[in-house]
């Protein structure tokens, strides 16, 4: 129940402030026997890395993940895996000016009210830098799942009012996404998004966006009824990501607008067994995976930090105007960088569900 | 991590099948000292009770909640509160015909695949009847919160494509809702919803809907950063409700379509201290309550059980047609009955956050 | 973390006061597929039942366990199993006189200080009657374990200063115990214990005792390193039993008095693989089962309720003398009735460890 | 439930292998507002440090604890505190020879059987070096508790068959212990222990021992009934320490040998309120603290690593003789170094109980 841990059997605990010595994650409950190297983690972080396109903030540091424990001779040992990413490019001086200002859309107000003390430098603990730890841990979860042929396609499906067309051609989305700096699965949509982002950037403003996750290869039976439904844990995972404001599975909010006969997926038989002819449910029934693709979306608000001046208060409650210091780095759209984070959280939910599912039946002799 | 419990300090565990002897809930961690009677629970159940309008299923039983433990001379004692609701109107014979059929949109397929055995009578454990236990437990949470002036307005804001107009006149919503059999906060919208429901009913079909929760009177500082954000726990709570498909807080998915300067709530000073001039965030920043109203929405799919015939398979994978037996009772729109359940889950998340918040600071002597 | 639950994957939650309507237990996480009847539970309760010998309190009720959920057509379904035992013989009038008295060795003082309210009737929640719920849940755990040939021998090995001789002839202990109303594995010792108990009873006094658990048939590899060591969870389980004051595994406190060369068990090869020539460790190394018999002991204080008059205070802090009302029923030695409770808790720890162990290794394709 | 974490609200997670890059601990749930420096941790580690007397192993490294997060400008912020101790003196070459040998009394057998892989260097994860992390976290817990006047006296009360005399002169024990390299509270006993240790050392052997904890200044009401009894959590904490074999509270196993009239503590009134004239219970009733000193003992087996040659097997099951390599460092009595670890675990249990106790009562307006 402590707030910096996620998962039950495969459980991560993250720590660290944006401008402290380092950030890190401890993964407890990773099964023994998985080949794992620092490169596995590094590759995952590279995808998330800031500065790889003009629409994510140009932090120049190269995050380097070091595995401090839990791996011996290249194999996970069943003991906790500690991964540490040292902070190398943390110039806090810019933040001095913001120290006493309540930043609109930021958490410094609530942290201060709750705790009475706040490491304001770079957003401290509330910085999205923490998500690097999720991506690192998610890389391990994904590697485990990959050995069971479970694979992920996560893409940016909306920025502002630009939306990717609905499509179930997962292969096409995956191919196009792999070529896209913005993780977009449709070339034309990406071009439109870039135009919108350029416009927002010029205006000193930011845009919201939506990330869609698609998971293929899941067996039937993952997720536990009632309070540990697969979608319940996914929802929690996604709403724990910085700047997320909504979650839906399958048709989601659109499901609320149609009728039962339009929504129900009908059971059919195919070569591999029982399936459904459509997948409006998004891959679960009663909180348990159906074997269909797991599909859902996460909404992200526009980046709170914008270049435009904003009226606000200082800590004493006096009116002031907040303007980002020159050269401050901020993404015009946090949803872009959220794509690998959504994928990581999805993997963390699923590996836990896979491990839990081992206890659902008793084998009589 | 067991799947039938929810909450950390104030923790509920529900049990029971729809057509078993009873259903029940054990509430562990309720603080001592709260006056509590069976009537408190009964009143909450009455709101949820089936059969009170033509659009929820006409189950004629009168659920009666009995408190079996944890209350002494009308006061909670700090020991577990066990509440039991006996099943009185459980004619399982109708379900015999459905026993071997994979019902579209239902969980009998996934339960059977996962566990190898399923109490199919009345939907067994997967029946929404379980939500009576949530409402019973939520009544206690709400009573605790009420002593701190925290109050709830939860209303049905959409059915099919009928949507209530956006409004921040919470008093008007509350007043109108209290007169509405469908928990709708706007009279004209309700009339339109009823027309839509009638049409669906006549067609042997069902409709989806959206429930909005509004919580007033929250202090600043509830919710814990990172993985126990208030909205993360709310999202999990809501996606654990039967038939829910989406969750959003504040502007939610709409936030993804606008710019940062349109979304950021600006800090202002008012008579009671620091506030924000708008509440697009929906009452949290960084996962911690801001003191603004907590507002969000939950999407529900249309009821899976419909009168219309549907093509499906039996357990052997043979094609068959599924038609609900004559006289089967089913809500044309599950979102109606979900209103008190959303409110109950909201209260459960909040009472836990209130109790957790007691540990956030250390008082030095 | 709530205080009325035990276990992680196989998790029990108990509720109920001694003189309330009923007591009960919800078992969540029991795997599907185990044949289970009310008789399985009833048989376990019969062993524990009061009144079966002159040295446990003559409560005449016949506890009847009813399964309310989680079993369908005689098979566990993976959903929560709710077991309820109604209280039938609960005459609270005797307790009126004690209502305002701080009973020496009892918990009414601490409950009142902690909660401000206490259901004093029959000891309320602090009554050892709660252990019936543990025995009921333990019966299920034992039945699961029995299918893997894991079996239990738990016996009373000391009463006051009468101690059973050390013995590794488990078959003899088991045989003799099954004939003993006091669960003693050695006939001569039992005779001496009976003499000591008679003497204590005549003096209006009580005696402490020690219970030893022996578990045979465990595989290597149960228990998790560090904070979930098998012996750590056993210790918690045992110290959670009413009136227990100590726990030891293997040689326990005696191990502290000898040398390493006297204590180390040496590895040897036998027909079934690697074993140790002795079992001073009691069946674990590093918190993980070795495949040797799991052996340990639990110390119980003498029953607090004695016939002898005792000086004490009333709730106002005024001096008074406490004498048990005529005809009050109390065991002269709680350790006797604790024997099946120790066995049940042992089984609960082990079934959880068995289920957890399924996640320790990842099978590569 | 993951095995490398302990505590609920104040929760530690430790990681690291003896000869890896570092070991560390993440403390989540430490309340904000406590002044904390690296020196606070360092001072605690110094007490535990190896090499400070001839009877603990002469590892020459100087453990240096670094705080990586969770403290800002000298004050805890409510975010996770990450403490890292780099491994500096880790010559693994000596362990090469032992790599293929099942070491008597060691965990390499069970780890290998459970996980299929084991970092054997320096005992890997099973090394008692992990206890440095407990001591570091315990230092924070102790500092919090000290602000409420809760203080600890933990001393070595037995080595082999040398036992300290029973005494309730806590001040004398404390004073003498502070002068003792072995943490012994009685000078004469210490001399005898040293003689016994010298003898064991000369014989290439080791000795077991017993550690007693005494906690003063506790309020009434800590600990939760049933499965979170104070003594239950203490028992788990203590049996999670390397080489521990038993736990008792109050009179412990001796309580089993006496009568109720000899054991019951009688309530009396003194200047500060209600107290008991004796403290045989050791500070709890019904699992809840009484306000009396909390007293108990933990038994440790003799160090498994001894100079004497021992018959054993290699990993292939072939007979071999195990002799510690020349110059291997091992404590002749692990109980000595366990003293600060017992104290740390005790503090961790208590701080969690203190934080939990904040939720036991609801304050009506």
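For reference, chains read A, B, C and D in written order, and residue numbers begin at 1 within each chain.
The definition used in the following text is that contacts are C-beta pairs under 8 Å (C-beta built on N, C-alpha and C of every residue); 3 or more make two chains touch, one makes a residue touch a chain.
All figures in this text were calculated on a predicted structure; none of them were measured in a lab.
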Of all chains present, which has the mean Cα position farthest from that of chain A?
C
Sharing more than half its contact pairs with A-D, counted by residue number, which one of B-D, B-C or A-B qualifies?
B-C
Between A-C and B-C, flag the pair that has more C-beta pairs in contact.
B-C
Please work out the Cα centroid separation of chain A and chain C, and write it as a whole number of Å.
46
Chain C and chain D: spacing of chain centres that average the CA atoms, whole Å
26
Distance-wise, how many Å sit between the C-alpha centres of chain B and chain C, to the nearest whole number?
39
Out of chain D, which residues touch more than one other chain, so two or more?
1-5, 8-9, 14, 29, 32-33, 76, 78-79, 111, 114-116, 125, 225, 356, 360-361
Any idea which chain A residues touch chain C in the complex?
1, 9, 29, 31-34, 76, 78-79, 144, 147-148, 225, 355-356, 358-365
Can you list the chain B residues touching chain C in their complex?
1-5, 8-9, 11, 13-17, 20-24, 26, 28-29, 32-33, 66, 68-70, 72-73, 75-82, 84, 111, 114-119, 124-125
Within their complex, chain C touches chain D through residues 1-6, 8-9, 14, 102, 104-107, 109-111, 113-116, 125-126, 130, 158, 160-161, 200, 203, 205-210, 220-221, 224-229, 231-240, 244-253, 255-269, 273-274, 281-282, 284-290, 299-306, 308, 310-313, 317, 319, 335, 356-357, 360-361
